[in-house]
Every structure is written in C-alpha cells, then in structure tokens.
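The structure is given below, and queries will be raised subsequently.
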Amino acid sequence: MSSVIGETVRVTVFGQSHSEAIGCVVEGLPAGFPVDTEALAAFMARRAPGRDPWSTPRHEADAVRIVAGLNASGETCGAPLACLIENTSQRSSDYDLLARVPRPGHADLTAQARWDGHQDVRGGGHFSGRLTAPLCAAGGIALQVLATRGVRVAAHLLQVGDVSDEPLAALDLDDASRARLSEQMAALQDGRTFPTILGEAGIAMTQAIAQAREEGDSVGGVVECVACGMPLGVGGPLFDGIESSIARAVFGIPAVKGLEFGAGFTAALMRGSEHNDPYEPAGDGLPSPTKNDAGGNLGGITTGAPVLFRMAVKPTSSIARPQRSVDLVTGEQVTLEVPGRHDPCIAPRAVPVAEAVMALALLDAWLTYPPHDTI
Amino acid sequence: MSSVIGETVRVTVFGQSHSEAIGCVVEGLPAGFPVDTEALAAFMARRAPGRDPWSTPRHEADAVRIVAGLNASGETCGAPLACLIENTSQRSSDYDLLARVPRPGHADLTAQARWDGHQDVRGGGHFSGRLTAPLCAAGGIALQVLATRGVRVAAHLLQVGDVSDEPLAALDLDDASRARLSEQMAALQDGRTFPTILGEAGIAMTQAIAQAREEGDSVGGVVECVACGMPLGVGGPLFDGIESSIARAVFGIPAVKGLEFGAGFTAALMRGSEHNDPYEPAGDGLPSPTKNDAGGNLGGITTGAPVLFRMAVKPTSSIARPQRSVDLVTGEQVTLEVPGRHDPCIAPRAVPVAEAVMALALLDAWLTYPPHDTI
Amino acid sequence: MSSVIGETVRVTVFGQSHSEAIGCVVEGLPAGFPVDTEALAAFMARRAPGRDPWSTPRHEADAVRIVAGLNASGETCGAPLACLIENTSQRSSDYDLLARVPRPGHADLTAQARWDGHQDVRGGGHFSGRLTAPLCAAGGIALQVLATRGVRVAAHLLQVGDVSDEPLAALDLDDASRARLSEQMAALQDGRTFPTILGEAGIAMTQAIAQAREEGDSVGGVVECVACGMPLGVGGPLFDGIESSIARAVFGIPAVKGLEFGAGFTAALMRGSEHNDPYEPAGDGLPSPTKNDAGGNLGGITTGAPVLFRMAVKPTSSIARPQRSVDLVTGEQVTLEVPGRHDPCIAPRAVPVAEAVMALALLDAWLTYPPHDTI
Amino acid sequence: MSSVIGETVRVTVFGQSHSEAIGCVVEGLPAGFPVDTEALAAFMARRAPGRDPWSTPRHEADAVRIVAGLNASGETCGAPLACLIENTSQRSSDYDLLARVPRPGHADLTAQARWDGHQDVRGGGHFSGRLTAPLCAAGGIALQVLATRGVRVAAHLLQVGDVSDEPLAALDLDDASRARLSEQMAALQDGRTFPTILGEAGIAMTQAIAQAREEGDSVGGVVECVACGMPLGVGGPLFDGIESSIARAVFGIPAVKGLEFGAGFTAALMRGSEHNDPYEPAGDGLPSPTKNDAGGNLGGITTGAPVLFRMAVKPTSSIARPQRSVDLVTGEQVTLEVPGRHDPCIAPRAVPVAEAVMALALLDAWLTYPPHDTI
C-alpha cells in the first residue's frame, strides 16, 4: 500500500490506531524554514479528539515530536522531517471482538480479505481516522510555509445532516464577495471550537450531532475549504493538476465519499456561457477572472482566484445501534453493537484535515510546477 | 508536469491537439496477453469525434498503432506497450488568435502564466480533450484484461443539463437490482451510439444539446460508471485506495469538476444506521454487504460489490457566443467569439473515458494491492 | 533530496547524526511476517560503532524501536513499518568549528552550497555514516524475509589498503567452489567480530588500520557481498534491473566510490568466449550456467547463480592529520585538524550495510519483478 | 519492469529490437528550449550501427522523429517530448532458433524464466542494445540544454582489451591538467569516427577488435566520461545523489559490469590524507578543491570539479564461436553458433551512451536538487 503523497514535498504517513506511535516523514521542504512548533500544536489541537461533546471521549494530546529534519536553530535543514506522535490512550480490549465480527461501514472485512487476518484490527489499525493526525502535522507545517508566501487557507463545516452554514463567498469575485470571504476566514480563525462561520449554524449542528448520539446513531456532513492568495500559473495538466492532487489526498481521508471544485456538480446543470469565468484586465500583469465557478483552477493550473473545494463526509461508521454482521468463525449472521469511543459525527474534526490536505497539495504544486517554468 | 498514472500498470500520456501524434506508453502489463486490436478500435470509436450531431465536426480516425510491446504473436511481451495515434485533421489557423486572447473556461491563460508563451496554443495543446484518446487506448486494453478476470465495466450519461437517464441499479444488491443492473450494462454495450440506458433519455439529451448548439452555447452533464465482478480485497488505505486512484485519474480528464462514490454527497444527509452496509453470510467465503452505499469499497479496498462513481462534467468551454476576455498584447478588454469545431456537450464522449479510467485504476490496484497479500 | 529506495518494498530513511533520532519507514512488506527482533538487534550490532579498536569511540546502542507496522502478535500487518533509533551519544561541541571550515572529503562544503548554511552541520548531519543504521534496520528485516525463501546473504572485507582476504568462491560453479563458498558463508556468520574469511587476513587488516590511526590517517577498502539461493528469473531490463537497483543503493552509502558485478572491470580484458557463461541442463527445469562471470544476473534478471558484487570504500575522510581548507568567514586558507571520534577505516562497518543493501534490492526485485510474470 | 529514469526530467524508454519502432517520452524539460534537430541527428549518428568495420553490419538511420512536445516554433512547450525511431532493418529469421536455445551472455534464458516464452525473442527484444538509441535521443537533448548552461560532456574509449588510451586529465586540477583536459575534450568532438584521444590508441584498438572478429570472438572495454562546468552544490545525499543517479542509469546500459568515480577502486589502496581533496580559496565564492579524487562530488553533491566516471563494458555476448547451451525443448546439451550481425566490441558505440546518461543525470539533478535550495 502506498502511504505517500506529493511529488516534491513528499509525505509518508505511518502508524495504526494502537501502534506505539504514529507519524510522518516529510521530504522536500526547502531548507531554512523556522518551524513554529507552538502554532503547529495549536493546529493539531483543532483535530485532536476528546475536546468536545461532539467528539470521541478518547483523549490524546497529539503532541508532535520532530525527531529529525531540523538544524540546531530549529529550521528545516534539507533533510527529511520526521514527526512522531505517541499513542497514549489505547484501550485494546475494546476491540477483541472485532477480529471476528466485521463492523459495517469500516474496513474490517476488506482488510481481512487483503491480509488474511494479519492486519492490525485494534481500533481500525492503519485505517483509523487517527492517521489524519500525522497528515495534519505535515499539513500544519505546509500551512506555515504557505503563509509566508501570502496564502491563507480556511475550512468550515458547510453542512451536518440537513443543517447548513453560510457558504464561503468564493464563487463570486466582486468587492462585496471578497470582503465577505475575508471576514469569513478571519472568523474561522478566531479560536472558535466549532468550525462554522455562523454561530447559530454551529449550535444547530451540535444539536443534530447530540441527537444522533442519543439515538445511538451518527450523522454525515460536508466540509468546504478555500485557499486565497495563490498566484496565477501553479500546477499542470493531466494527473498532477491542482484538482487531481487534492482529490488523491482528499479521498485518502477516511469517510470522504464526494469532492467537487468551484461550481462542482452544479456545473452539470449550467450552460457554458454561464459557467465560463470571463476575464478582465488586471493592472500590469495577466488578466483575472471576474468570477470563480472554476474553483480557482483551469487545466489543473491556478487562476489566481481562490481555490475552493467541498468534500462529503459520511456518517461515522461506529454506532451503538445494533447492526447486522457475520461471525467470521461460525459464518453465521449476528447482531453487532459496536463498543468503544466514537465521534457521532466525524465531519467537524475533518475540517483541519481539509486545510492540511489543501496546503500540502498547493505547496507541492507550487514547488513542482511553478509559474514561469521556462528554460 | 506529470503525465503518468498508475503504480504497476503505469500509463504515460503524451501529445498535443496539433502535434504530429499523440499516444501513450503502458508499462507493467503482464506478459502473454493477446491484445484484441479490433475490439480496441471499436472502443476508440466510442470516444472518437465527428460521428454525431452532438460532437465536433473534426474528424479523426483515432487508429491506434501499437509500435512496441507486443511479441511476434501479438501478445504483450513484458516490455512497455507504446501506442501511437497520428493527428490527421489539425487546422491550426483556427487558433492563431488564441495565443493573444485567452478563452474563458480554457487553460489558455493559466498555461500562458506557467510557460510564458512557449506552450503549444494550437487547439488547447496538451490540455486538449484529445489527450483522452491515448487514455482510452490504455484503458481499452485494461478493459480487455479485466474481462478475462470476470470484471465488466459500463458507463452512461446520467444527466445532461436537467435531463436524466435512469441511474445504474448498483446501490442496492437485492436480486431485482442485480438483474436490472445486468440489463442496463448489456443495453449500454449493444452498440448504441448515444450512451444512455433509456432511449427516451437519449433523445431528450440530444435535443438539449442541439438546443444549446443553436443558441451558440454548451451544456454540462454527469457520467455514471460501474464495475462489476471485482473480488473482495483489492486496494489499500490512504492515498492509493480505490477512490484515491480513480479520483486522481478522473480529475485529470479535462472538464470534470466533481466526483462521488456510492451514495456520494447524499451521505452527508444520512445517518450511520442508514449508510452503513450490513453484512450477510456468503457461502463458504467471507461475508457480503447487503447493499452498496459505499460504492464498492471500504478503506480503499473493494468489498466485492459494484464499484460505482459519478463525475460531473462542465459545459464545453468553447462556445460561439461572445465572451469577455482580454487582449494579452494591448491589455484591453475585448469580446471573443471562439472559432473552430467544438462539441456543444463534451459529456457523451467522456463516457468511454470514464470506463477507461475505471479499468486502469482497478487493474492497477489488483496487480499492486491484491487480496491475500501475505508472506 | 530523495531518501527513498525501492519500488514495492520502499524504504524512506530519515535522521541526522545529531538529530533526536534516526530511522526509517518500510512500506510494502507482505503481511504476516513475524519480525525476529533479537536477530535484528544482533545484525544491528555488527554495524554499531564503539565495539572495537578499529572503530569510532562513539557508543550507540542502536536499539531499533519498531513503533508502527506490527500487529498485536508482532507480525507485519500490511501497514508501513516504522523504525526508530534514538541518538544518545551526540557531542555537538566537537563540531562547532565545522560550520566555518569545511572538512576535505566530507560533504560540508557541498551541503553549504546546496542549503546556504541551513544544513545541519553537526556530525555531518544527514550525510553521516550513521544513516546506514536505519538502512541496516530495514535490510535486517529483508534478510529475515529472504531467509524464509531460501536466500542467504554474506559479505566480507576483501581488501583493506593492500591487504587482501580470500575472495568469495562465487565466480565458479563447480562442486569444489560451491562447497568452499558454503564454508566461507558459514564462517562469516559464526559471530566473528572482524569480517574476513581468513583469520590471518583479519589480523593483518586490523594492524593496517591501527597503523593508519597511529599516523593520524585512515585507509580504504573493498567489501565483497554474495547472495545465494535466488531463483532464476527475478528482475528486469533497463533501470530497475538487479544491477541498477543494487547500484543506486550502494552509491547511496557514504564513502563508496566503485562497484562491480561478477568479473567486473576484469571483463574489459576478456574475450566473449571467455566471459560468457555456458549453459548446461539442470534436471527438469530451465538450464543453469556452468560458471558465473555474470555475477548472477543477465539483462538485469537473476540467473540462479550467486549474485556477487564488490564495492570500493574510500578511506575515512575525518583524519587527525592537518589538512588544507578555507575559513568560510574570512575566505582565507587555513590548516584543519579534524576533531571528534572517527573510524580510521569505515570499510569493516560497511560490511553489514552491503548485506542490507543486497537484501533490500533482491527482495524488492522479487516482489516487483517475479519469475513467471504472465497473465 | 521499469523503463523510467529521472525525477524531474523523467525518461520513459520503449521498444524492442524488432518492434515497429523504439522511442522515448521525456517529461519535465523546461519550456522554451529550441531543440537543435541537426545536432541531435549528429549525436545519434555516433551511436548508430553500420558505419564502421568494428560495428554490426545492421544499418539503421536512427532518425529521431519528435512527434509531440514541441510548439509551432520547434521549442519545448511544457508537454512531454515524444521521440520515435522506426525500426527499418529487422531480419527476424535470424532469430528463430533463439526462442529454443538461449545464447550464453544474453538475457534469453532469464527472460524466458521471467515471461515463460511470451518475451519478444527477436534480436534480444527489450534487452537489445538498440534500446540505447532512444536513451541517446533523450540524452542528446539534455546535452544541448546543459551546453546552454555552460556544461560540456565528453567520453572516450579508455581501454579495449589490453590496449589503453590516454586517461582524461580530470583527477588533477592544476593549470596543466585543466589545459590538457580541455584539449582532450576538443579532440573528442572534432568528428573523429573512433572515440579515442590518441590516434594510435584508436588504431591499436581497431586492430584488437578486428582480430577478435577474425577469431569469431569479441572483446570488452572501458569507457571514461567527464562533465565540466557543473556548479558547486547540485545533488543530494543518499539515493538520488550524483553517483547513485548515474549508477542506476549506467547499469541500465546492456553489458556494463563495473562503475567507478574519481579515484574509484584505487581509493581502497589510498590513505585519507592522500585521497581527500584539499580546499583553496576561490575568489569571492566558496572554496574549490585543489584536486579531484572525489570525481566531482561529495555526499552526492557536485563540488564544481569535473564529474568523472569509468564504466566497464563486457565483451559482446554474440560470438560466432561455438558455445555450450541447452535446447529448451529437448532439454539436451547443444552447441550454439550465434547467427546474425553483431559488434565484435560494443564499447565504442557505448561512448555516446555514456555521455547521454551523464547528461540526463546531471540535468535532472540540477533541476531537482539545485544549489541555494532554501526557503
């Protein structure tokens, strides 16, 4: 299996839910970047479990220990960066049953078919959402690098069940929309614990999640993510384009089932005259689009407009309600009630993961396929 | 830029709309496979332009010349397969203007920013939809290999504008659904020129496309694609999972703006108890899901149920209607009417491309991450 | 920079001489292999510093902590294996001078030019021979896997300065040679601390090394490595052949300056009638070569004969003798006497590294390019 | 099998000796480079067969048709470059026997074991030295790009059998050596047909080759290659260093059995005080080495001194003399006399291949791991 993503900034993720540690190796970061470990810890905290009523009671500090890749001054030094996160709160006994009865919606059965029982079944093993922690460590550093290049990234919960937040104002590029987008991004980074733009949306979503939990059930959601400040001309055609790179990473996040850019699926209903983004002069440089149904890229290359994607997150597979499964030993139909500690909605914690993935894909594209790439 | 996709079966695509030829190199095919060149030609014809009122008047035979990789008996021989498709119908004069005025919705502007005028502007160059022809050549062979392993792939136009075809019956796995899916797939492979399951849907879509053309406009659509017969246990977690691999390739197809698997974006509205696919005993082997909201994979590994995706295709960017753009020489706002020969709806021709991409991703996953992958 | 080697069994190495830890991530090991951690520790000890008069006084336990990739039974589980080796004996003050005056023979100057002073200068940073420890951790596991497949690997010090050991009897394949090779390999694995076949060669080499040390100098050597038991048919042509894969890894070992297979450079002096290895019938299967000037592979594919390489190791660059260098701050010529703890001959410790590299290359080739690779 | 080399400038080679065509795809060349097709043809002619008494009578024009990757002005355009060389002079009947009786020294037997008879046996198939033609096409373009950056590459036949040419004066860096090296490189590029520095060496080598031919035999040789003008600071540690990259490519050239850099195997006999290259001030910039036993790189990064390697080429495997082999059908020992047209010494034609490989490795390293690689 490949646990690697990226071409120039290449991230290798390792670990299982209940291994001693999880972590990542990040190759290809330019030398001389002073990693802000406090800011990284703050970013990690946004994904970490156990903070809120809407997340799993499993508590993990998710402290990132950078064991290699920095020089004596704490700057990147050209060597691969290695990040380690110790697993401290495993309760393996919760999972003894699971080697025998695969949980619907999880990878228990498919992993069994792939590895014939040698897979690490504890806590979902390598399939655990916990593997998004090292992805966030790598992405958190990418976000810092991008910030020094004038790129800001933000994501929010657009939807939980049938409750919606205000969409990011990134499809229009008029002054009012730009101003609103700026306010939205600022709001999302003010330290709020629940990642919606509108407070009332957050309250309604929290209630929807709480209700699902009470009913022994879970609920899905949609995460929307934007990056502002990318220059025109980053990326390339075909399989390493902006959309392909983001897509490969996004579908590597457990529970994601859909992805769209800009107008997305709505584009299918549109006419070309409506969907095409016209150009207008932009000072001395190349022209700019006047709107952004393209979601900030054409032909896999950034247009200079905000890069915008939405990803659908399925409801958490682990639910308390009884479900039909099969005992692998007896071959008989059984009823399973999944024990353990679980998020009734995984989407809120997927919000920083979306930002991490956006940052990694954009930084990698910038370093690999930069503007003015000529002899 | 990376023109390569796949890990074991690795496809490198080359060519521009108006280069002498386009083509691909396919590494990693097992030796001894007798390529059926007639079947390949028939598959290529489904994508080829110029057949129908709904497609561009540019005529290309798209004959695939396999210049390397076969032994004297016409079997794969372990060496890379090289496919060449000559470009025969270039009319470059159509495009002289385009180096100067970027077409909205195309990659003209972004390519200019990336390569400072050295890009091949003729016909969209390397960004042309024509590059899907070599992808279909590679995919057409992958489809043949998969067929010998019991896997069938089919795609159809689910939607054009607001006209819909019957969805593939692949989310439910009861006997009636299985039977209907089988009928649907057979129908789509009966040689029909317009790729819908229902004839009336095809007629209505053709009308919608014709109307867009009459109005100097274009229209978008949704392609739905299914693969039946994949065994349980193919694929892996994280970034080379079934969904990630398909996603990277799908977003490499020009004009795709959205992708979803199984229940897709609908999953955001669902409860876990509703979305999770329960298991039931399945004879001597491992259990099977009783329905397929997962779209045939969990944790990036196939479940044995049909692999199902939908992709949103934006309306063709080239439209006859006047559009706002900028003259790159004078820097002034101009009105552009795109000349040349164009599909008013690219989605019908994207149908075999979806099949090609599905086949390449699944064959590659099967050879790279097979079931029972133990010591 | 790329710290990755291998296609299916892919090893990512990280760490610097004085980072908190060094280590590696090993992807692609088949699941279900019970790692023998005691045997691994014994293998690591053969490379570890500080055991003998001929090696550096720096003491490192080089205990390998496998933090991820094993299931609860200690078997590989399909997820990447992550190995961590803590750095415990750094004395950074030794190296303060080195940021300013580059040591001849080291990468101090070239790293400065690449990273403008941001490189980690302590102990040679990412260029340190210490990075061969994680390579040995990965290779030590590969050796264990190969052993279960009937492959044995052994290396020895063929030469130190002008003192030679008996060559491995792997170029001839007659019964006497096979018997002698078997004895040689057994001898090298009997726990002897100095890796020569002949005891007297070891004594003479130790003396040569001691003499170099007394003179404040260092001395080079040649390591010879063999693998027996590889089946016929593993590998492939061009750039992933057996020789290419070993070569890429071998020249990644610090201080290696030459590599040859089988008859090696001697082949330049030979006639084809002399160098070609004739075939003779071999029971029911395919024929076998009657001698082995090819070094066990033709066209990058194993012949079934022993795989044999020799690598030249330059004298340790760190020497006590005064050397000419330049002060990077003043730009003036200075005389440098390298402080710190160093091996006067690095070749003995390169012996297990050669085995590690051989094992990784062969296991990777076997899993990626196996015999009978047909449809 | 992997037919790909390079990280940024990535070359995929395809073709067999008797396929319709051979060729390559070159990704990652910067846009805007005007390919000099005449110069490329002249470079190809140096490798092409059939010119001289010392090479095979098979005549191939080896005209390179660039079918994709150039814009209308003949410049690279950012899209992959695709080169096609038609095979025009196949005489397959020569090879009918070879599917049955493997030729000693060739890959016939090993390919049979790998692909069970499906390999293309005609002319050695994918293992043919003919595959170095597309490598030269790619390398010829890389040489042109390097020339615009001030880098010159030259190679010569250092040795054929026991006849030697004058070595390249690249190990010393005093004024006399620099002047001599310059003369040597100029001489090698004056259009001479036999690639030695000294005319008398060429005559003696030609005689040695002719004699081998008369005796129905073949003879080996050593090729030496140098690159001047590389700046200090290109490359990186571990597996993508200058030496590793060159090594992987060099051992992908059929018939190469040994490789060494700088002092090479001689380093094993040297003391550190002798082998280390001292530094001296070099104007305003970083210091320079005063000699070049390192062969122009330390820690896989260029020192600014000439990059120098030597590669051992085994005697041509195809010889007229009778050899022992086995009939794969009957399993019986037989005597084989290899029919067909063959070089009695392949080393002269390997000289431009060495230059091609040097150029590709250095250009790729420069674009991937450049000096001043900081934030």
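First chain written, first letter: the chains are A, B, C and D, and each begins at residue 1.
What we mean here is this: contacts are C-beta pairs under 8 Å (C-beta built on N, C-alpha and C of every residue); 3 or more make two chains touch, one makes a residue touch a chain.
Here the structure is a predicted model, which means the values were calculated and not measured.
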Chains touching both subunit A and subunit D: B, C
Chain at maximum distance from subunit A, centres defined as averaged CA atoms: D
Rounded Å distance, subunit A centre to subunit B centre (Cα mean): 26
Centre-of-Cα separation between subunit D and subunit B, whole angstrom: 39
Two or more partner chains touched - positions in subunit B: 1-4, 13, 31-32, 76, 78-79, 111, 114-116, 118, 126, 236-237, 373-374
Interfacial residue positions of subunit A with respect to subunit C in the complex: 1-4, 10, 12-16, 19-23, 25, 27-28, 31-32, 65-72, 75-82, 84, 92, 111, 114-116, 118-122, 125-126
Partner subunit D, residues of subunit C touching it in the complex: 1-5, 7, 13, 102, 104-107, 109-116, 118, 126-127, 131, 159-162, 212, 215-222, 231-241, 243-245, 247-252, 254, 256-281, 286-287, 289-290, 294-295, 297-303, 312-319, 321, 323-326, 328, 331-333, 347, 369-374
Subunit D-touching residues of subunit A, taken from the complex the two chains share: 30-33, 76, 78-79, 145, 148, 236-237, 373-375
